[in-house]
Amino acid sequence: MAPDPSNRTGWATAIASIEHGRTLVRGYSIDELMGRVPFGDAIYLLLTGDLPSPSIARVVSAMLTGWMDQGATSPPALAARYAAGSGAALSGSVAAGLISLGPGDHAGALTCRALLEEGLERAGSSMLLASAAADMVEDLVQSERIPPPGFGLTSTSPDPRVSQLLQMALELEVDALYTQFLRAIEHALSRHPALTDEVLPINVDGAAAAVCGDLGLPPSVAEALLVISRVPGLVAHALEEQDRHPPRRVIDPTASRYDGPAERRVGRR
Amino acid sequence: MAPDPSNRTGWATAIASIEHGRTLVRGYSIDELMGRVPFGDAIYLLLTGDLPSPSIARVVSAMLTGWMDQGATSPPALAARYAAGSGAALSGSVAAGLISLGPGDHAGALTCRALLEEGLERAGSSMLLASAAADMVEDLVQSERIPPPGFGLTSTSPDPRVSQLLQMALELEVDALYTQFLRAIEHALSRHPALTDEVLPINVDGAAAAVCGDLGLPPSVAEALLVISRVPGLVAHALEEQDRHPPRRVIDPTASRYDGPAERRVGRR
Amino acid sequence: MAPDPSNRTGWATAIASIEHGRTLVRGYSIDELMGRVPFGDAIYLLLTGDLPSPSIARVVSAMLTGWMDQGATSPPALAARYAAGSGAALSGSVAAGLISLGPGDHAGALTCRALLEEGLERAGSSMLLASAAADMVEDLVQSERIPPPGFGLTSTSPDPRVSQLLQMALELEVDALYTQFLRAIEHALSRHPALTDEVLPINVDGAAAAVCGDLGLPPSVAEALLVISRVPGLVAHALEEQDRHPPRRVIDPTASRYDGPAERRVGRR
Amino acid sequence: MAPDPSNRTGWATAIASIEHGRTLVRGYSIDELMGRVPFGDAIYLLLTGDLPSPSIARVVSAMLTGWMDQGATSPPALAARYAAGSGAALSGSVAAGLISLGPGDHAGALTCRALLEEGLERAGSSMLLASAAADMVEDLVQSERIPPPGFGLTSTSPDPRVSQLLQMALELEVDALYTQFLRAIEHALSRHPALTDEVLPINVDGAAAAVCGDLGLPPSVAEALLVISRVPGLVAHALEEQDRHPPRRVIDPTASRYDGPAERRVGRR
């Protein structure tokens, strides 16, 4: 029976109950979750209300991990560093970074999601994805929305996270219409006569949008995963700013250099 | 060789390098991490610079999961709900919650950590933990610091997360001096003649403090784990506020009721 | 000559210059401002680039003062109180309140401003405000946007700030087309046959929108004045929470009571 | 009769009452304040509970104005700019700036205040300020707290706000023991044999600390004035970032240049 928030006094929450010192999250005792459920699965549970299947769990964990750092000189990392350098508490520094995450950081994924939904609705039951994609690309060219959300790279090199995520979705058999339509658009972009000089591969926003769509996650939950994924990076930058740099320093974002470990492989785990 | 931030121009960061569209986090290619490393392990890598051993990974994931929600009416959840209800962006709502997390939420764990370090230093190489603990409890009673940080419950019932975490640390053989000293203090508290009417079990702050100490995590990294662990809960409350409640409503924190799934078990995974 | 941010290296700011320990704000030495310019005028200078005329100064100061508190149980005040009660720094507590100010708090004024501009554009050079207002009200009724932004009260009693602000604008001769059109809409609302049962007076959002329009302030500067005006109230609530209430208390927004001074008059100044 | 928050149910607030659409702030009808009380005076009323005398009003307004901008490349301004450039709402951008204001920005004033109070307490009723100041400077030299909080400049030139504020306090006869003791310390610093090579004039933190002390403002209210004073500058930087610069740009804090109005005088008002 669906919850009815109005049939009793008070206001309803379906997230957690705390009674006699014991917390149930979405019905699961949190101490049982502690031993048995990885953090990524617990996040999925909190956001969606249910534990993920093993396949979905792997894809969600891959997204959380893959989005977790944008480098020391992304605007949110710099805002967190300025706050940390001025003596703010760690949680406050992360807050400054989150505010600066702003709509801009998710906009690509969210508008790509909307684009995919619009195209899939137009394609309808016929499921002629190729022709729906060609129509959509024609519209995008006409309305000068090139590059479209979810396509095009900031760097000249491909972003390896895209192929990694799409490959995982394929192997774990969680890819479906959204991903197929995303690929159909990529193909149509590469064939459009007005775009022969452009290189418009699927980017990380596009891959996230399609995979979240195929996982059945509402756009708000997809956005929530992106927000959560960025927090550990913001925390790391705030801590490093406190540990390694003088307070209230001037931060030249063009003058950072990496002095961490050289490239290494994960190895057998 | 330790990094020297001053021997070249620019400023140093050891967190991530981004070159030609490819991100290395602490030396690991982020797309390789995506397939193979759970999110909790990736967080540990970001914060400490290295991947955890399997035992440490399980304990860290258990802490991240165990701390992830304090209920719909904790001050941070309410601040996030007020921001979300006023129309703030999701990341802004989480920021309001994080600011309200405040020093208070970690203070128990951080001051308990300091207490344990002070006691262990006093015990010195003799490692007479029992007598060091008795001395410390005597001091605490004299200076009227009862309950001490890390001991005493807000509820009358034991918090099952405490035994779960300490049991995991024991089985995975990551418990050591900090945890032993924590237990020694608990024992000394139960034996002190001035405290016969008090029930002062180890609480969740105490367990976190000792386990993080035994894992060799600096206090700042322990605090970072606590901050990160709380974010998914804040996100869930902000989303639920937007989804289920009218904008800018009056929130009576004494009138919430849980209408989510009934208690259930994790089952075989 | 208009500034050209691109014709030299570096990036341009027209707000302040600091040289040899001396700060010029918009060209004025800040120490000269200190003695001679009230804070409200200095705010206007910062936001618009010039000092206000005496009439404009009085109206701007009246708006800053009139908007400065929405009570102890408005969502932003509660968010600031939760943050302060959890031990956050004063500036962090105000930040939590500001985040919770959200778009909702200014939306009335900003959408009313857009409505007025749309109507004034339609009225064009003929300046037949009455008939333009009647057309606009008809549109609003047809599109079910009743109450329109800027009209209608949350309480049954009139808000005395509205008549005070409009009266000041009249006496100081800074009212003009926006205010006249606002009044024309109010009149048209009172005469529309479908609205005979409604009481839709100009509210505080409407008065602010029209007066800022007549002052020639861009919408972004009008929003800025609203944001600034709310800060002292948020600060006061955060301080009071710290001074008068226990940390991390449960705040029932329906159970506050006022125990400050009884009503008094400003008297001769 | 002093308010007693516990003798009735509910929780007490002395800031504002809102009844029948009418807001009383500290007992004054807000619409009456709007016409008659400058914004700076209204801020003082909100924070302290009473309207200021004309002399106090002028000094408070001078402090609010004098502290209102620290330039486009101070850490808080940069944090606000990063948030604004990422598309955050205006109030969110200001929040990011406020978080980055951090304890560091007030610390000088607050620790100088504590220093003055400690010294005045030691001087006691004898009021031998010169010898109390000499003792304090000796202590500061011994404990290597040079420069002491409230003394010493970041630039080689004197900060004209210091003499302006102290001169105003003198002329308006609101200077008293705190200011006298501040000057006595400055004198003692200039005479100490170990400091002959140092130039340690009163800085802006010291002047603010002493004047707020002489005005009888508690340290928390002095901090509140500093927080409020900084908000208009943060707002101006956030707006300018949105208006004049591309989104998500890299901000080199060493490469800003001022292109606003040339130096000008306030003139007769």
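As written, the chains take the letters A, B, C and D, and residue 1 is the first residue of each chain.
The rule we apply is simple: a residue touches a chain if its C-beta (ideal position, glycine included) is under 8 Å from a C-beta of that chain, and two chains touch if they have at least 3 such contacts.
From a predicted model like this one, the values you see are computed outputs, not experimental measurements.
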Selected interface, A-D versus C-D, where C-beta contact pairs are more numerous: C-D
Mean-CA-position distance for chain C and chain A (Å): 36
Length of the line joining the C-alpha centres of chain A and chain D, rounded to whole Å: 42
Euclidean distance of C-alpha centroids - chain C vs chain D, Å: 24
Contacts with 2+ other chains: residues of chain B: 88-89, 92, 95-96, 99, 101-103, 251-252
Arrangement of touching chains [line / ring / star / complete / other]: complete
In the complex, chain B residues that touch chain A: 3, 5, 8-18, 20-40, 42-43, 46-47, 49, 51, 54, 58, 61-66, 68-72, 89-92, 94-96, 98-99, 101-103, 153-161, 163-165, 168, 220-221, 223-224, 227-229, 231-233, 235-237, 239-240, 242-245, 249, 251-252, 255-266, 269
Sites on chain D touched by chain A in the complex: 73, 75-76, 78-79, 82-83, 85-88, 92-93, 95-96, 99-105, 107, 247-248, 250-254
For the chain D and chain B complex, residues of the former touching the latter: 88-89, 92, 95, 99
